[in-house]
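Heads up, there are several structures right after this.
What follows is chain A paired twice: with chain B in the first complex and chain C in the second.
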Partner chain A sequence: MKVIKIDKKDWAGGLERSRNTYKLIGPVKEKDKDISSFKPLGKDMLPDLDVMATSVSPKSIVFPQEEVMLTYTTDESKEDCNLFKSHDKDYSPRAVIGIRPFDAAAFLLVKKNFDTPDYRDPYWCDAYEACTFIGLAINNPDSLDFSPSTKTGPFDTSGLDVLLVETEDSYLAQVVTEKGEAYLNAAGWENEAGNGVDKQIGDMKKAAETKITSSISYDKIKSKEILDLYNADFWDQASFACINCGTCTYVCPTCWCFDIQDETRGKKGIRTKAWDSCMFPLFTIHTTGHNPRGTKLQRVRQRFMHKLKYFMDKYDDGIMCVGCGRCIRSCPVNIDIRSICETMNNYEPAK
Partner chain B sequence: MENPYLPYPVRIDDIQIATEDKSLKTFKFVFLNEEDEENFSYNAGQFAEVSIPGKGEIPIGIASSPVEKGFVMFTVFRAGAVTSHLHNMKVGDVMGIRGPLGNWYPWEMLEGKNILIVGGGFAFTTLRSSIIYMLDPANRSKFGNIDVVYGARTPGMLLYKDELVEWEKRDDINMHLTIDSPAEGWDYNVGFTPPVTELKAPKGDADTFAIVCGPPIMIKFTLPVLEKLGYSHDHIIMSLENRMKCGIGMCGRCNIGKELVCKDGPVFTLAELNKTPKEY
Partner chain C sequence: MLGYIDKIRGISEKLLTEEKVDMVIGFKKGTIPMMNEPFVARNASEVKDFVWDSNCGINLANYLTDRKETIGIIAKGCDSRSIVNHIIENKITREQLIIIGVPCKGMIDHHEISSMFDTEITEVTENGSDIIVKGTDFEETLKKDSFLQKNCKVCVHRNPVIHDELVADMVDEQKDVDRFEEVNKIEVMSQEEKWNYFNDLLSPCIRCYACRNACPLCFCPTCFVDESKPQWVGKGPDPVDTRTFHFLRAYHMVGRCTDCGSCVRACPMGIDVRAFTKKSEKDCFELYGWEAGLSIDKRPALETFKQNDPEDFIK
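Up next is the complex of A and B:
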């Protein structure tokens, strides 16, 4: 694979040059707070590359917390009164700088939901296609990172166009796709790294992977029956402490559930798509008041069954989790997907 | 590819009060753009998202039949925000519909078979669509015997009364209408749907399928009756109603296990439902 060496002295300059062609998005730390997220990088802003996993995942880049899908007017004097229109959006090229490999891999999982043989969600897909992902390898994984056991990892390139590997004085930019190459050209970074760079990256990758101690195993879940796991006796215990705050689903890069709502101001209106959560009772309540997932146990079970069993059975491609550790870090009552997965993996129904 | 969230513009062409308590109305819509009607071609058993600017969208079963051209029809119960608003709309008003959505009754598999339809209350909409479809001269010969058990509280709560009366007179469909308690001028069955099904419905066998739609309580008592009559679980076909938003399998709220009711359903056999969590 082609590797370009970017001198750190030319980092800011290259980003600036690329702005002629791309909007830039990257990790940004809130001032004086321990919160970080992906944001558009305004003029002179640089991505905070020392942020490991942003507090909130970068899913909002293609799946904003709230976005306008359609517009309408209820003004009867207008010819287009009560007609819905697609909301025009800017899908010009954007480069996501410093996204971590597991977060980029998450987009590939979520794409299965929004880009299907039957329907294509144009909002998600168009935004996704507008992105060039310039990822940053994780040299020093934190203690909650279990990404290698979810088929990604600290140097995984599966969701990336370029993988940057940080060394003391440079970024080694591994070119993964043509899209990635085009970005590097636009930034004016073209010095190929010398011999031995592949080994250097390979060694750094190994070193990073050996630092990861956390893991998850789901090898035995596939062969279990949905209803056996669903009716298992451990859900009471597993869901006991949960306060249904929904934080786990909001911070997660692979959670994709959403709501659709109309908002009218005066005579102008918008139909929006906004993040929702299977943790909320309103998510499934019928108009009659009947609620198929009316209890906390049912909702917690839904979250884990969806991620670790339904997704696996439906797509036959692993679990709906990339091992970023965010839900574990941000859960106020320390519910841990790793231990629940283990319980599921080891569960044997009573004969 | 087109935007699956963008409704087709339609105009309300007709509104009829469907039940004596006025809690149900039947709406006929025509497409503002002729080509949209073609794009909306559907099968009996599918549903659509009925879309009112500023109010929202609701999933409603398509009550018109694929063999009826020039309009689409829905019968809507006044339940909450969107349905109440719809009930107050007038002929000529413009709104949207999105679809057709979901799967349908398995018409190809049902060819050459006897069909038993069991309906209760106002869940008769897609069953009407199905009956009209099967009775169409081009289709009638594709099916064996057709039996319909349909029950409501009172005669005035039965949907599509003119058509029911017409079907009663035909000899290529066996109607078994019933109401909960005797009423003046009512010459048909009296009693709840499940016991009437037990008395009047044909026995189940390899060549006979039952399609069942109704309120949960009716379903609950009808299934054992069908079992007793010899219907196996893969010969009992049902349609689910879960809370929905997107209707295209993306928003994540309508699932029962790995199945999304809006896309993999709403039509399932009882055999299929037996394998999924009962989250409906």
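Up next is the complex of A and C:
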């Protein structure tokens, strides 16, 4: 694979040159706070590459928390009264700088839902395709990173167009796709790294993987009956602490549920989609008032069954989790997906 | 406070063995630094999992709402005041509860400690008045008193106000604290400064409702933000909707908030939501001499009317 060597001294310069073709998005840390998120990088802003996993995942780049889908007017004097019209969108090229491999891999899992043989969600897909993912390998994984257990990892290139590997004075840019190569050209980075770079990256990858201390196993979940797990007695204790906020689902890079609403102000209206969460009672309430998931236990069970069982049964391609550790770090009451996964994997129904 | 553990386990074991309660609610050791998980023990063999340290900031009264069982509950000062609220607001009865009181010396501010270090914290332990913070390449000892949650710094009810058991001698209450220092700072701001201050405060909000759901007072069967017929508040992160949520929630807390700090502790974005509730706490205290959750025999400030109630704030 082609590897370009980017001198750190030319990092800011290259980013600046690429702005002629791309809008830049990258991790930004809030001053004096332990929170960070992916934001558009305005003029002179550089991505904060020390951030490991941003507080909120970068899924909002493709799937904003709230997004206008359509517009309408209720003004009867207008010809297009009560007709939905498409909303102008900007899908010009953008480069996501410094996204971590597990976050890029998360887009591939979410894509299974939004881009199917039967239906292509134009909002998600168009935004996704506008992105070039310039990822940054994780040299020093933190203690909550269990990405190798979920078929990604600190140097995984599966969701990326370029993988940057940081060395002392340079970034080694491994070109993964043509999109990636186009970005590097736009940035004016073209010095190919010399011999031995593949081994250097390989060694760094191995070193990073050995630093991973966290893991999960789900090898036995696939063969278990859905109803055995669904009716298992551990959900009561597992869900006790949960306060049913939406934090885990909102920070998660693979949670994709949303709600669609029409908002009218005066005679102008918009149809929007906004993140929703299976943790909220409102998520499933029927117009009759009946709620099929009316209890906390049912909602907690749904979240973990979807991620760790239903998804695996449906797509036969692992679990709906990339091991970023965000839900563990952010949960106000310390519900830990690793413990729940272990309980599910080891569960045997009473005979 | 580490010494409380044996006593907590002992009392809990006795209550469960003698079948005086169906369950005991406390904390178990968390899987990451500065976090413990609320935990219910339903039989004596589970009490070994109970822990107590300076990371038990979540208010356990939140887990009592509308329960039908008899319950043992571990309660520091603020939990006990929220339990009083629960009793006077008919969310649980006094007879259902055996309150295991824990005199408290304050909980540590995990947001503040996390933001101090650029690299990951892998372990936080405590030793008396010291907190030892470790990472892969550093170790630092901090004075616990300097890193308390903001609400704990100004707490004047560290001891449980209501209890059936007590795990240790009562601690001295803090006398020389300015409880309303933070509010006073905001009160003197100009209108524009206040507007900017609250906008900045709320700008990181992701509307996950962790603050609401961690709050022992937020037990409405359907919260106004979850109403859909009609829908009062938009679901997205529009600042107008975010402000509406926080402002209205704060008004629902008037005369009820005990400043337990659960909302701030729970917020994944570290927003000091107390900036709103603290003002209502101050007003209730100054106007009506009212402090929430101190007695099950008194009715709350906004529920009673006296002819000489102050009214000069009505314009």
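In this section, the second predicted complex is superposed on the first by the 351 of 351 C-alpha atoms of A that agree within 3 Å, B and C clash if a C-alpha of one lies under 4 Å from a C-alpha of the other, contacts with A are read in each partner's own complex, and residues count from 1 in each chain.
The definition used in the following text is that contacts are C-beta pairs under 8 Å (C-beta built on N, C-alpha and C of every residue); 3 or more make two chains touch, one makes a residue touch a chain.
Computed from a predicted model, the values in this text were never measured in an experiment.
Peer 1: Consider chain A as the common anchor and indicate whether chain B and chain C clash or fit when overlaid.
Peer 2: With chain A as the common anchor, chain B and chain C both fit in the superposed model.
Peer 1: Output check: A:190 vs chain B and chain C. Expected answer is one of first, second, both, neither. What do you get?
Peer 2: Neither partner.
Peer 1: For the superposed arrangement, I'd like the angle with vertex at the C-alpha centre of chain A and ends at chain B and chain C, nearest 10 degrees.
Peer 2: 90
Peer 1: A:261 in the overlay: touching chain B, chain C, both, or neither? Say first, second, both or neither.
Peer 2: Touch partners of A:261: chain B and chain C.
Peer 1: Just to be sure I read the superposition right, which of the two partners does A:7 touch: chain B = first, chain C = second, or both, or neither?
Peer 2: After superposing on A, A:7 lies clear of both chain B and chain C.
Peer 1: Pick one for A:56: touches chain B only (first), chain C only (second), both, or neither.
Peer 2: second
Peer 1: Figure out whether A:30 sits in contact with chain B (first) or chain C (second), or with both, or with neither.
Peer 2: Once the two structures are laid over each other on A, A:30 reaches chain C alone.
Peer 1: With both complexes overlaid on chain A, does A:269 touch chain B (first), chain C (second), both or neither?
Peer 2: The first partner, chain B, only.
Peer 1: Tell me the contact category for A:198 with respect to chain B and chain C: first, second, both or neither.
Peer 2: neither
Peer 1: Quick check for you: in the superposed arrangement, does A:227 touch first (chain B), second (chain C), both or neither?
Peer 2: In the superposition, A:227 touches chain B alone.
Peer 1: Under the stated touch criterion, which partner chain does A:75 make contact with: chain B (first), chain C (second), both, or neither?
Peer 2: Neither partner.
Peer 1: Once superposed, minimum distance in angstrom between C-alpha atoms of chain B and those of chain C?
Peer 2: 6
Peer 1: I'd like to check the shared interface: which positions of chain A are touched by both chain B and chain C across the two complexes?
Peer 2: 259, 261, 276, 285
Peer 1: So in the complex, which bits of chain A are touching chain C?
Peer 2: Going by the criterion above, the answer is residues 30, 32-35, 50, 52, 55-56, 65-66, 140, 142-144, 237, 240-241, 243-247, 250-251, 259, 261, 263, 272, 274-277, 280-282, 285, 328-336, 338-339.
Peer 1: What does chain C use to touch chain A in their complex?
Peer 2: Residues in contact with chain A: 30-32, 35-40, 58, 62-63, 111, 114-115, 118, 120, 122, 136, 204, 206-210, 212-214, 222, 226, 228, 231, 234-238, 265-270.
Peer 1: Using the touch definition up top, name the residues of chain B that touch chain A in the complex.
Peer 2: Against chain A, chain B makes touches at 1, 3-7, 9, 51, 53-57, 79-80, 83, 93-96, 216, 241-243, 245-246, 248-258, 263, 275-280.
Peer 1: Spell out the part of chain A that touches chain B in their complex, as residue ranges.
Peer 2: So the residues of chain A touching chain B come out as 69-70, 72, 74, 81-86, 113-114, 116, 118-122, 226-227, 230, 256-262, 264, 269, 271, 273, 276, 278, 283-288, 290, 292-293, 298, 302, 305-306, 309-311, 313-314.
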